[in-house]
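As written, the chains take the letters A, B, C and D, and residue 1 is the first residue of each chain.
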Amino acid sequence: MTEYLAVLIFIFAGVGIVLVTFLISRLLRPDHDYPEKSLNYECAEEPVGTSWVRFNNRFYIFALIFVVFDVEAVFLFPWAVAFGQLGLYALVEMVLFIAILMFGLFYAWKKGVLKWA
Amino acid sequence: MPVSAFLVLAGVLFAIGAVGVLISRNIIVLFMCVELMLNSANLALIAFSRALHVVDGHAFVFLVLTVAAAEVAVGLAMVITIFRNRETINIDRISILKW
Amino acid sequence: MLEMVIITLLKIIAVLAVVLTGCAYSTYLERKVVAAMQHRIGPSYAGPYGLLQPLADAVKLMFKEDIIPDNVERWTYAMAPAISFIPALLTFAVVPFGMDMTIFGREIKMVLSDMNVGVLFVFAITSMGIYGIVLAGWSSGSKYSLLGSIRSSAQMISYEISYGLSIVGVLFIANTLSLSELIAQQETILDWFIFSQPVGFLLYVTCAVAETNRAPFDLPEAESELVAGYHTEYSSMRFSMFFIGEYANMLAVSAVGTVFFLGGWQGPFTEQVPILSFVWFFVKVFMFMFVYIWLRATFPRFRYDQLMNFGWKILLPLAVVNTVVTGFFVVL
Amino acid sequence: MTLDVAIFFISAIVAVFGATMMITVRNPVASVLYLLVSFAAQAVLFIQLGALFLGVVLIIVYVGAILVLFLFVVMLLNLRGGEDLGQPSRPMSRFSKYLIGALLLVELVFVIRGSAGGTDQTVTGMMGPVVETFGSVQDVGMLLFTTYLYPFELTGVLLLVAIVGAVVIAKRETEREAAQKKQLVEERGHSSEEKVS
């Protein structure tokens, strides 16, 4: 538990550092704001339109396959650690598990959703 | 700390999730409420594990996490398709099964 | 109890000091090394050999005006730099900087938190690094930022899996998730996991470079098309938070890679002179950083489709195959 | 002991606060972030309950993957909280929804409190000490790959189904988009030719 408590304190220390630097900078920096300054940067032109564009859902497919494989990776960690006690038996069942998921990856591959056109 | 304190907390979180499902019209928030409810069940499982000194509950939690991931993956794919077809994330507008 | 709290606080201060100095001087190192590789001199005015350059940069950024565009989402815009910086810092909570030492009669571990799931912790923290980028891009209200952050986050998630899988091979051999345990198992140079896991090491380095959005995988920052990617709209200290965060990330993956594959603080004569373990550790991390900078000076930027294809169609299958093959070797 | 109580109450309050804010704010990105806060607090509770491994896994899977996916969808659809969510529901209907939630909560507490007539000390008593390795990766791993092997392999199939399902849904979408684009290009090409002639 103490190990985790130390991390918790460390998080607060990190937040503290960030806040302190922001505070110092706030005290030091100048502030001459005028309307043109608070426009979005667009290579010194007047911004055209908004950034409210919608993206291609190819990005989404990648995020989705990522979630599934992230779960797979999380399963692999206890497996790798318990491996010493389980031996070949564990290997076979994990190969099966990986094979099932790799089939999914290759399915996505064959369907062409992994291709970046 | 008594284990029941954790169980009550799990109950509170579950209830918040349930209320969220009922009052939310935004389909994405609705999904997040489902996740919250799933995780409150996880909290209860772990609390019981702790009370009974067995790790079986931990294995269940692992499986629940997987189910949650799969559910979100397919669910959000559907949300995207619905949004592109009907330009809405209001679940009251998505009342017919065919589009 | 009180003693433990004091020791922990001292450790936290030490870690923060080392990491922040490390970040500052990584920027100096990068500029000097790249300059040397391109037959330039690099920073040379501030202090001898320009050694005070990082300090000068920090002071300069402190004095810069903080410009917040009108159409940003205020809260997320303000938080994003901190969110991208703190996870980078957190990794160092579990990295052992040196061997256990006895100071004033107390056995002190040279690690802030020697948790037994340290590897998973590192993985968890790495996966949180994406938030700062996504939020910065989304809240800036600028096209460049949004494009840069979408690209960057897609790239990070594409390489994160391979990043995680590249170390599973090591875990097989070591059968532990504790970082200090991993180091203890790499006592002599031949025990280093780089020799039993060469493919894993290469995968790790590649994914680490991609995860930290560094050249040749620095598409999110592609100056020519995206200005500066997700932090286009940031200035002053907020910008420098992203900047420090990037270098802290590089240092973090270097330190973790050192622990996984290069034996951490292990090296000759550490038994006689325990303080030498720090030196070995920093030398190894420095080598890692040097490779980073070398890569930047050498390779041109990838094209986006190449990057995604490389991540999903080459690295991921390779990482999986490496894991399974290692498994077979360990069993037989 | 007091530290234990303090950690519990702070985490519990943060978890409940995050959850409540998640369902009340309009901006979906803020929703995701509040849920993140809630999950982080719950991870602390997991660790406090001795589930050291699962606390970290919760962060990896939920915060590192699932919430990122949510954030991605919000970004891809570019939802900024200004979407039309229809008329606000009538006060009665809203009240009844809260009432249902409250009743559910009361019932749950009742069940927990009343388990074995309130005499079951494993639940209502103080948590006893556990062995040092409780909840370690080895334990969970062993259990997962021996006793719960069958459910484990089934989750593999479930994940496969998730990939296939999502690919099919998104694939159709991509094809339609490509067709639209092609049509658009053809139309444009047509008009430009006309101009030339």
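Going forward, contacts are C-beta pairs under 8 Å (C-beta built on N, C-alpha and C of every residue); 3 or more make two chains touch, one makes a residue touch a chain.
Source: prediction; values computed, not measured.
Trainee: Which chain has its Cα centroid closest to the overall Cα centroid?
Mentor: Answer by centroid distance: A.
Trainee: Using Cα averages as centroids, what's the distance between chain B and chain C in whole Å?
Mentor: Spacing between the chain centres: roughly 33 Å.
Trainee: When the centre of a chain is set as the mean of its C-alpha atoms, what distance in Å lies between chain A and chain B?
Mentor: Going by mean C-alpha positions, chain A sits 21 Å from chain B.
Trainee: When the centre of a chain is set as the mean of its C-alpha atoms, what distance in Å lies between chain C and chain D?
Mentor: 28
Trainee: Using CA atom averages as chain centres, what separation in Å is found between chain A and chain D?
Mentor: A distance of 16 Å separates the two centres.
Trainee: By residue number and range, which residues of chain A touch two or more other chains?
Mentor: 4, 53, 55, 57, 59-60, 63-68, 70-72, 74-75, 77, 81, 94, 105
Trainee: By residue number and range, which residues of chain D touch two or more other chains?
Mentor: 48, 52-53, 57, 60-61, 64-66, 68-69, 72-73, 75-77, 80, 137, 140, 144, 152, 159, 162-163, 166, 170, 173
Trainee: In chain C, which residues are in touch with two or more of the other chains?
Mentor: Correct list: 115, 120-121, 123, 127, 146, 150, 157, 177.
Trainee: Touching pairs of chains, all of them, please.
Mentor: A-B, A-C, A-D, B-D, C-D
Trainee: Could you please specify the touching residues of chain D with respect to chain B in the complex?
Mentor: 4-5, 8, 12, 15-16, 19-20, 22-23, 28, 31-32, 35, 38-39, 42, 45-46, 48-51, 53-54, 57-58, 61-62, 65-66, 69-70, 73-74, 76-77, 79, 83-86, 89, 94, 97-98, 100-102, 104-105, 108-109, 112-113, 122-128, 130-131, 134-135, 139-140, 143-144, 147-148, 151-152, 155, 158-159, 161-163, 165-166, 169-170, 172-173
Trainee: Using the touch definition up top, name the residues of chain A that touch chain B in the complex.
Mentor: 57, 60, 64, 67-68, 70-71, 74-75
Trainee: Which part of chain A faces chain C closely enough to touch in the complex?
Mentor: 2-7, 9-11, 13-15, 17-18, 21-22, 24-26, 28-33, 37-43, 47, 50-51, 53, 55, 59, 62-63, 65-66, 69-70, 72-73, 76-77, 80-81, 83-84, 87-88, 91, 94-95, 98, 102, 105, 109, 114-117
Trainee: Okay, in this complex, where on chain C does chain D touch?
Mentor: Contacts found on chain C: 73, 75-76, 115-117, 120-121, 123-124, 126-128, 130-131, 134-135, 137-139, 146, 150, 153, 157, 177.
Trainee: Touching residues of chain B toward chain D in the complex: what are they?
Mentor: Residues 1-9, 11-20, 22-26, 28-29, 31-33, 35-36, 39, 42-43, 46-53, 55-56, 58-59, 61-63, 65-74, 76-81, 83-84, 88-90, 92-93.
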